[in-house]
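Chain IDs A, B, C and D follow the sequence of writing; residue 1 opens each chain.
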C-alpha cells in the first residue's frame, strides 16, 4: 500500500498541516497558487493594495486606473462647481451642465498637469484646490510609475509543464516523470527541482508528505526541455503502487522549481501540482524534435512537450 | 538553575554585547525593532533621510510632502514678490496680499509644471527663477517617485505571532511553543526560524545568549499557521526551569524568522521577542479551525492564533 | 582518445540535451547568449515585450520611442481632425493640411503635458479625447521611466575574455588556460568560475559534457586579470589530447562566471564559449604589465589580455 | 620572520596578483575603494556613465544636472532663434538678445513641460522642434528619476572602523583587534567578517596573502560595536612579529565585511584596509559606555570606538 512498504523517516513538514479532509482538496492550483485563504478576523486589515495592483491582470489594472481617473475628476469638478464657476477665468459653458463639464475637463488638465490655461482658477479658494489637485496628480502618477515598474520587473518563471505525469519504463525499472520547459525569451540557469507526494493515510486519518528522490535535481541551463524523473525503486513511496490506489488516496504531486532568471539575475520560483487523475500508466514521452538551422542554432517546438505514446 | 544544568558550549555572540544591566532591558521591541540607539558624537552626520522617508508612517510622509510643498511655494512666491510683480504678465490681484497669493499659486503651477499661463514671467530675473523652480519641481517629483516605489517594494514579512509563549505538554515531555502566521496575501516560502534565549547570569553578572533547538526549523510554505516548538529535554537551557525563575533572570526569547516572499522572490526577515512575563505555564494551544469550501479550498481565521486552554 | 582514458563519473547534465548533431553546433555564442530557439507553437504567446525593451540596443530603443511618439500623435490628430477643427479654440491653420498639422502639434503638447494652450479643446468630444490622451502620455512616460531604470540597473558582468584558450606549460605538466578581466569601473568581488567541456562521442553518437577541475575556482577581487587554469593531469578529459582531435570531436569549452557587482551588491553572471579552433597549442600568455603611479596606485592595460607567445 | 614560522597551506588568491612593487602600494584605500585602474586600450569604451552618476558626490550630480539643463536650453534656443522668431506667437522681446532670452525661457518651459503658453510655436518647423524637445524633457526626467532612485536604494554599509588596529592582551596571549560599528539608522544583521594579511616576501620577491583566523567571524546583529579579534597563536602568520617588521614588509590588513541591511533585505559589503603604520602595540580598547535610558533602551556614542589606552 502507498507509503507503507518502507520504514518512513522523519515526517516532512511542508506547511500545509496534516489534517485529512473528507472531500478532495487541492493544495496547489494548476497555476501554482496556493489554495488556502487566510481571513483577517475582526478589525484586522488584511488587504494589501500594492500586492493586488502588482499581481492582477492588465485588464483589471486598466479599469482601476481609468475609473480612478474619472472618479477623481468628478470629485474635484464637483468641488470647483460648488465653490462657484465665477471664480474661474477664461471660456466656460453657458449653462450648469456645460459649466460642470468644463470644470471636469479643467480638473483633468490640472491632474495630468497639461494645464492649457484657457480655463484658469481666478480666486484663492479654487486656486488652492487646483494646487492640491496638481500635487495629487503628480503623486498618483508617481504611484503608477512604481506599479508599472513593479509589474514588469517582478521576477517570475513562466514554465510549461507537460499535461500528464507518466509512469514510464526507466532503465530496468519504472520512473515517475514529467517534462518542463521555459516559455520566455530569457534564459533560466541553475534550475533546481524538488518534488513532494502528498496522500491521505487511512490508518492515522492524516495527510502524509514525502519527498521523491530525483535522478537529476539540478541542471545548469533550461534551454530545451527537462524531463524530471523519479526512479521508482524499493525506497520510493510509490513502489508497486498503481494509479487506482493513488486516486483512492487522493494523491497530489507538489512540484517546486527554483531557477535564476538570467536577464535580471533574480531567483525565480515556479510551483505546480498534479492530482492522481492526471497520471498516465504505460506511457512514454515522445522525444522533442530538435532542428538545426543552417546557421548552426537549434530550435524546438514547445507544444511537443505534452506528447506521449501508450506502451504495452 | 537556568542554563547551568548542562555543560555550555562556545558562547553565542548575537551582537548585543554581554553587559548585564541593573534594570530590565528589552533588546527587541514587540514590533521587532532593535531597542538600541547609536549617537553620532560631535560633527558626525547620523541622519539618514531616505531611510526615514521609507520607514516612517504614511501620515508622517503625507505631512512632510504637503508642508514641503507649502514651504517651497512660499519661498518662491516671496522671491517673485521681492523681484516685483510688474515683471509678470497676465492677471494679478490689485493689492499686495492678493498679488502675493497670485504669485504663490503661480509658484505652485510652476512647481507641478501645470503652467496654466494666465500668469506668466515677463522679465529675465523672474523667468530664470521660474526655470529653476520647474526644474526643482521635476527633481522633487523624481524623489517622490523613488520614495513611493521604495516604500511599496520594500521587502517585509508581516507575521502575526501568538500573544503568549506556552510551556505545553509535548510528546512525553514539555515543549516551549508559540505560533506564527502570515497576515499578507502573498505567500511566504522556505520559512526558517531561529530562537535564542537571553538571560542574566548572576554569577558572572553578564547576559548569556543560548540558541534553542527546534523540533522543525524550516518549512516549505507558511500557508496556515506554524507552531514553532522547542522540546525541553535535558539539553535545553530551560530544562526544569519555571516561569518564576525566568522572570527573576529577566529572560527574553529572541526570534528571527527568514522567508522568501513569493511575489517578489525577495528574502524577508521578521523579528520578535517575548519577555518572561509573556510565558504561560500549563497551557495548550487550541487547534486553528480549517474550513473546506465547496470549491475545495481551505480557509482559516488568523485571530484564532492566540487562543489557548489552561491544562492541569 | 578524448574523454575515454579515465573511468567517467555520473554524466553531467547541463541542460543542452545529449543529442549529437551532424553539423557543427555552437551551444553558446561568443557573447554568452544561448544558441537555442524555443517556438511557441499554435496560439502560444511567446513574445516578451519588456524583455526586448530591456535587452535591445539603444538605437533600437530610440527608434521605438520616436516612432511610437509619431504614430500616437498621428492617430490622435486624425481623431481630432475627424471630430472637427471647429471644436477647438485658439489659433488654427487656414486649410486642411495646416489644420491637421496644428492638431498634430496640439496632440504632442497634450501627450507630453506641455499644454501651451494657444490651441485648446472647446467641446465635450475633443476635451474627452484630450483628457484620455494626457492620461496615456503619463502612463507611457511611466513605462519609459521603468524601462530606462530597468536597463541601467540591470545586473551585468561585462568581462573581457582572451581571444584564445592556450595549452601552456604549467608547473611540470600542461595547463589549459584563458584570461578574463573586468572592463567596467565597478568592482567584481567573490568571483567564481566553472568550466565545462562538451564534445561528441562517436561510440554512443551523443554529446558528452564534463566539468574541468580548476587550479583556483574562486577569487575575492577581479581587479587585475585572472588566468583561469585547468591542470591537464591524468584525471583530465583532455589528457594527451591535441587540438586536431578536439576539432574533430567538435569540442566546445563552456564557461560560466558568477560574481558580485560591488556597486549594487547584485549577483551577476557571464558566459562564454570557445570552439576547438580557438585553442592554441605551444603558447604562453605574456604577463600583463602593471604600472605603479607616483600616488601608489596600480594600473593595467586591458588589451594586453590577448597577448601570447608561441613556445617550442 | 613574518609568515615563515609555520608550514604554509595552499596560497590564497585574492585577485590582486602576486607582483611585488618597489614602492609601498596600498591595495585598498581607507574608504574601501580598490586602488587599481584599468585602462581600456585603443578604441575600447571604458566609461560607464550610469555608474558615475550613481557613485559620484551630490555636488557633482547637481552640477551635471544644472549645467546639462542650461546647455540643452541654450542649444534649443539657438535652433529656435536660427529658425526665426517670427515663427512664434505671443509676447517676445523687441531686440535680438531679448528675443534670444525669451526663446531660452520658452525652451525651459518646453523641456520641463510647464508650457505657460504666453510664447508658443506658430509654424511647422519650430512646432516640430518643440515636440521633440518636450519628448527629450520627459526622457531626461525619466533618467533623473532612475538615477535618484538608484542612488538612494543602492545597498551600502556605512561602517565606522576604529582608527587603529591594536595588538592587545587577549586571554593568555596577544590578539590583533579592531572595532567596527554601524553609523546608519538601519540595522545590519547576519554580519560576517573576513580578514586577510598581505605582505611582501623578500625571498620570492612576491606578495603573499594569508587569511587570519577570527575568534568570532559572524554575529547576528551589529547593534552596538563589534570587536573583531584574531588570536595570535602559533598558527598565526603574525606570531611573534612586531610592528617594526610589519612596516618593513609593507604589510596591509585587508578587511571584508558582509551583512544584510535590514530595511531592504539587501546584502551589503564594506571593505577597509589598515597599513602597518596604523597598528598599535601594547594598547587596549576602552570599553564603549552603554547607557540605559529610563524607558529601558540602551544607547552608545559611536566616537568612543577609537579610544584605547597604552599598556605596559
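One rule holds for everything that comes next: contacts are C-beta pairs under 8 Å (C-beta built on N, C-alpha and C of every residue); 3 or more make two chains touch, one makes a residue touch a chain.
Just so we're clear, the structure is a prediction, and the values are computed from it rather than from any experiment.
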Interface numbering overlap (same over half, different under half) for subunit A and subunit C:
different
Averaging each chain's C-alpha atoms to get its centre, pick out the one most distant from subunit B.
C
A-D or B-D: which has the larger count of contacting C-beta pairs?
B-D
Whole-Å separation of chain centres (CA-atom averages), subunit B against subunit D
27
Could you tell me the distance, in whole angstrom, between the mean C-alpha positions of subunit A and subunit D?
38
Two-or-more-chain contact residues of subunit D, please, as numbers and ranges.
109, 113-117, 145, 149
Give every residue of subunit C touching subunit B within the complex, in rising order.
113, 115-117, 145
Could you please specify the touching residues of subunit B with respect to subunit D in the complex?
13-17, 19, 21-27, 34-42, 44, 46-48, 50-52, 54-55, 89-90, 109-110, 113-117, 120-122, 124, 127-128, 130-131, 134-135, 137-139, 142-143, 145-147, 149-150, 154-155, 196, 256, 266-269
Report the residues of subunit C in contact with subunit D in the complex, numbered from low to high.
65-66, 69, 73, 91, 101, 105, 108-109, 112-118, 141, 144-145, 148-149, 152-153, 181-187, 189, 191, 216, 219-224, 226, 260, 262-265, 290, 292-293, 296-304
